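Scrolling down, you'll hit the structures one after another.
Two complexes come next, and they have one chain in common, subunit A, joined by subunit B in the first and subunit C in the second.
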Partner chain A sequence: MEFDVQEYKGSRVIYLGGEIDMHSSPLLRDALLDTIRDKPAKLIVSFRNVSYIDSSGIATFVEGLKHMKTYSGRLQFSEIPKGIMDIFSFSKLDKVFEIFADLDEALSR
Partner chain B sequence: MRDIVSIKVLSHPRYLSLIREVTARFCTFAGMDEDLTRGFKLAVDEACSNVIKYAYKGDTSERIVVKYAASRKGIRIIIEDSGEKARPELMKGRDLDEIRPGGLGLHFIKRVFDVVEYDPKKKNGNRLMLIRHGREKHGI
Partner chain C sequence: MKEEKLITVPEEHLGSLEKRLADLRMLMDVSSIISSTLDFNELVSLVMEKAKEVMHAEACSILIMNRKTGKLEFEVALGTDDTQSEILTKHVTLNPGEGIAGWVAQSSEPVLVSDAARDCRFFGQADSLTGFTTRGMIAVPLIGRSGLIGVAEILNPIEKSCFSEYDLEIFQSLCRQVAVAMENAIFHKESIEREKLSQELELAATIQKSFLPELAVSVRGRISLSGITFPAKHVSGDLYDFVEPVPGKAGMIIGDISGKGVSAALFMAKAISEFRYLMIGIDDPGIVLGRLNRQLSNAPRGMFLTAVYAIADTQSGRVKVAVAGHPPFLWITKNGVQVMHPDAGPPIGIIDTEFPVTEHALEPGDRLLMLTDGVFDAKNSEGARLGFDEITEFVAGHRHAQQLPDMLAEFVNNFAGGADRADDLTVSELRYLA
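So, the complex of A and B:
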C-alpha cells in the first residue's frame, strides 16, 4: 500500500495506492489518523491507484470520518475505480462519504 | 465435485494477497467475468481474515487451507482451520444502513455465495463451505 500526503491547490490530498486489506489497513489507520490529527478542514483521498479494498480498509475510513466530524471536517473521496466504487455502493458508503469524479471537482465543493 | 486446487498458508495477514491471487486465477479457469471474480476475491479474503481474527485470535503461526472446486453444478470453496469453533448463531453482519466500522465482511461473503455454512462434522477447528450454484457467466 502507498500513502502519500501532498498539497494540491491549497488542500491536503492523500494519494493512496495498492491493496488495502487486513495486512495493510493498520498502516493506513496510523497514517490517516496522523493526518487528521492536525484537524484539516478538508481532506481529499485519491483512490486512483487503489486496486483493492476490503472491509478493514472501509472500517478505517469510517473511523477517520467519525474523527473529522467531531470538528466538522470534511473527508472527500475522488477518482474511485469502478471495482472499488461497486464495493462502496453495495456498502452504502456512497451515501456517507462525499464522492467526486476528480480532485478539481472535490476542491470546488 | 473434485478440487481443482488446494492451498495451505500460514495464518498471517501478509498471505491474504496470495489467497486473493489464487482465487482470481481459479475464477478465470472457471470462466467467471471480471465483476464476479472481484466479488469472489473479496469474499474469500474476508472469510480468511475472519479465521485469523476469530478462530486463531491473531495467532499468525497457524494454518489456513483453501480448497477450490468447480463443476457444472457450480463453484465450491472450502476454508479450513484448526482454531476456535465458530458460533454461526452469533454471526450477523451489521445493518448496511447503520454506518460504523466493522460488520461488513459477512455481507461481502453472502453477496456472491448461495450457501455459507460450517460443516458440523468437523470435530476440531472449522470447515466453512461456500457454494455458488450454476456456472452462468454474469456479474454480481
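So, the complex of A and C:
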C-alpha cells in the first residue's frame, strides 16, 4: 500500500495506491488518523492507484469519517477506478461518503 | 613402583591456574543452569547472578532488543538495589548507537571500557536516574541464530581498578552460551503462547458456531432455508440465521462484519443476538434492519455490518427483501439466473438511515442464493480473484443441482487451491419448494 499526503490547490490530498486489505489497513489507519489529527476542514482521498480495497479498508475510512464529523470536517473520495466504484455502488457507500470524479470536482464542492 | 616427581610452580602461576580452573567450573555451572530450565526469566536471573559472582563485579544487566520498537530495554539489572533496578527496567530504553550498550548492539562487537566517565559513548542518564556510578564495564552482544537478542553488561570490578582482556574473554564465552539458551527459551515461550492461543481460538470457534443455526437446513411450510460458512481464520465475521418473525413467515438473514478474526467474530455475536431480539413480531425486513442499524451505531473503529434480510410467506412464496450495503443476490429460476440489485441502504452501523423493502414473487422451484464477498473475492495462489461474473456463470450451469450452496463453496475452495483464505465465506439459500 502507498500513502502520500500532498497539498493540491490549497487542500490536503491523500494519494493512495496498491491493495488495501486486512494486512495493510492497520497502516492506513495510523496514517489516516495522523493526517486528521489537526482537524483539516476538508480531506480528499485519491483512489487512482488503488487496485483493491476490502471491508477492513472501508471500515478505516468510516472511522476517519466519524472522527471528522465530530468537528464538521469533510472526507471526500475522488478518482475511484471502476472495479472499486462497483463495490462502492452495490455497498451504497455513495450514501455515506462524498464521491467525485476528480480532484477539481471535489475541490469545487 | 612409579617414581613420583616433584615440580615447583611459582605461587603467582598457581594462583592464575586456580583462577582459570574456577572460571572453567563457572562455565560448566552455567551450562548446567542453562539445561535446567526453559523459563526465560528464571534463566536470565540465574545466569546473571552467577556471572556477577564469578566476574567479581558490582553489578550486571541484560538489555533485550524489542523488535517492535527497535529499542534496547533492561530485562534484568542485578547488584543495584530494587529501586534502581525498577527505574532501569521501567524507565530506561536505548536506541541502537545510544550509550555503550547501544553501540555494542549496533556494531555487534564486544567492548571493554576502563573508565566510563571518559568514554564518549557512555550514556550517563541511567546513572543519573539510579544514583549508581559506573566506573568500568564489559558489554557483549547476545547473538542468536536469528540475529541480535540483546546486550549483556558487567559493571565495576571488585578489588581491582578495571576489567582485563581475560575477563572479556571469559564473559564472551559465557554470553555465547547465554544467547543460545535465551533463544531456546524465547522459542519455547512463543511456542507455548501459540499453542495456548490456538486452543483459545478453537474454543472461540466452537462458541461462535453455537450462534449459527443448529441445523444447516430449516423447512417452514413450502420455504426451505439452508446455509454454509467457512471462516478465513478459526473464527468468522460472517453470519446467517433462519427465524420465524411472525407465524406463517420464514426469515433468513446473511451478513458480513467488516474485517476478520476475533474482533469481527465478537461483533458478529453482538449483531446476531441483537437481530434475534429485534426481529420478533415484525413482518418488515426494512424496519428490522433500521432498528439493528441504530443498535449498532456506536461500533468501534468504524466497524459495520452488510446484510440481506428476507422474509418469505411460507405458502405463497412472496418474499420481502431489505439490503444493507450487501453484494447482489442471485434469483435462480428454471430458465436461468438473474443478478438482483434491489434498492438498498448503506451498511449497518455507519449513518442514521432507512432501508427500502422490495417484494418478489417466487415461482415453485425458484431459489434466492445469497453470498458474502469472500465467495467472489476468493484469491488463488497466483493472486487472481474469482469475480462475481464467474460465480454467476457457475450457478447458472448448476442451477438444477440440489446442494447448490455446498457445490458453490467447493467450487470456491477448489479455485483458491492451497492459498490461505483471505476472507470468510458464506452461502445461504431460500428455496420455494415445488
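By our rule, the second predicted complex is superposed on the first by the 109 of 109 C-alpha atoms of A that agree within 3 Å, B and C clash if a C-alpha of one lies under 4 Å from a C-alpha of the other, contacts with A are read in each partner's own complex, and residues count from 1 in each chain.
Rule of thumb we're sticking to: contacts are C-beta pairs under 8 Å (C-beta built on N, C-alpha and C of every residue); 3 or more make two chains touch, one makes a residue touch a chain.
Predicted model, so just to flag it, every value in this text is computed and none were measured.
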Will subunit C clash with subunit B on subunit A after the two structures are superposed, or do they fit? clash
Touching A:S91 in the superposition: subunit B (first), subunit C (second), both, neither? both
Looking at A:D21 after the superposition, I want to know if it touches subunit B, subunit C, both of them or none. Which is it: first, second, both, neither? both
In the overlaid three-chain picture, which partner chain does A:E63 touch, first (subunit B) or second (subunit C), both, or neither? both
Which partner does A:K39 contact after superposing on A: first (subunit B), second (subunit C), both, neither? neither
Now for A:R48: first (subunit B), second (subunit C), both, or neither, which partner does it touch? neither
I need the one stretch of subunit C that runs into subunit B once the two models are overlaid. Options are 62-70, 170-178 or 386-394. 386-394
Subunit A residues where the subunit B and subunit C footprints coincide 21-22, 52, 54-56, 58-60, 62-63, 66, 90-93, 96
Residue positions on subunit C within touch of subunit A in the complex are 256-261, 301-304, 306, 324-328, 341, 344-347, 350-351, 353, 373, 377, 385, 422-423
Contacts from subunit B onto subunit A in the complex sit at residues 12-14, 16-17, 20, 34-35, 38, 41-42, 45-46, 49, 52-53, 96-97, 99-105, 107-108, 111, 140
Quick one: which bits of subunit A touch subunit C in the complex? Just the residue numbers, please. 21-22, 25, 29, 52, 54-56, 58-66, 90-93, 95-96
Which residues of subunit A touch subunit B once you look at their complex with the stated criterion? 19, 21-23, 52, 54-56, 58-60, 62-63, 66, 83, 86-87, 90-93, 96
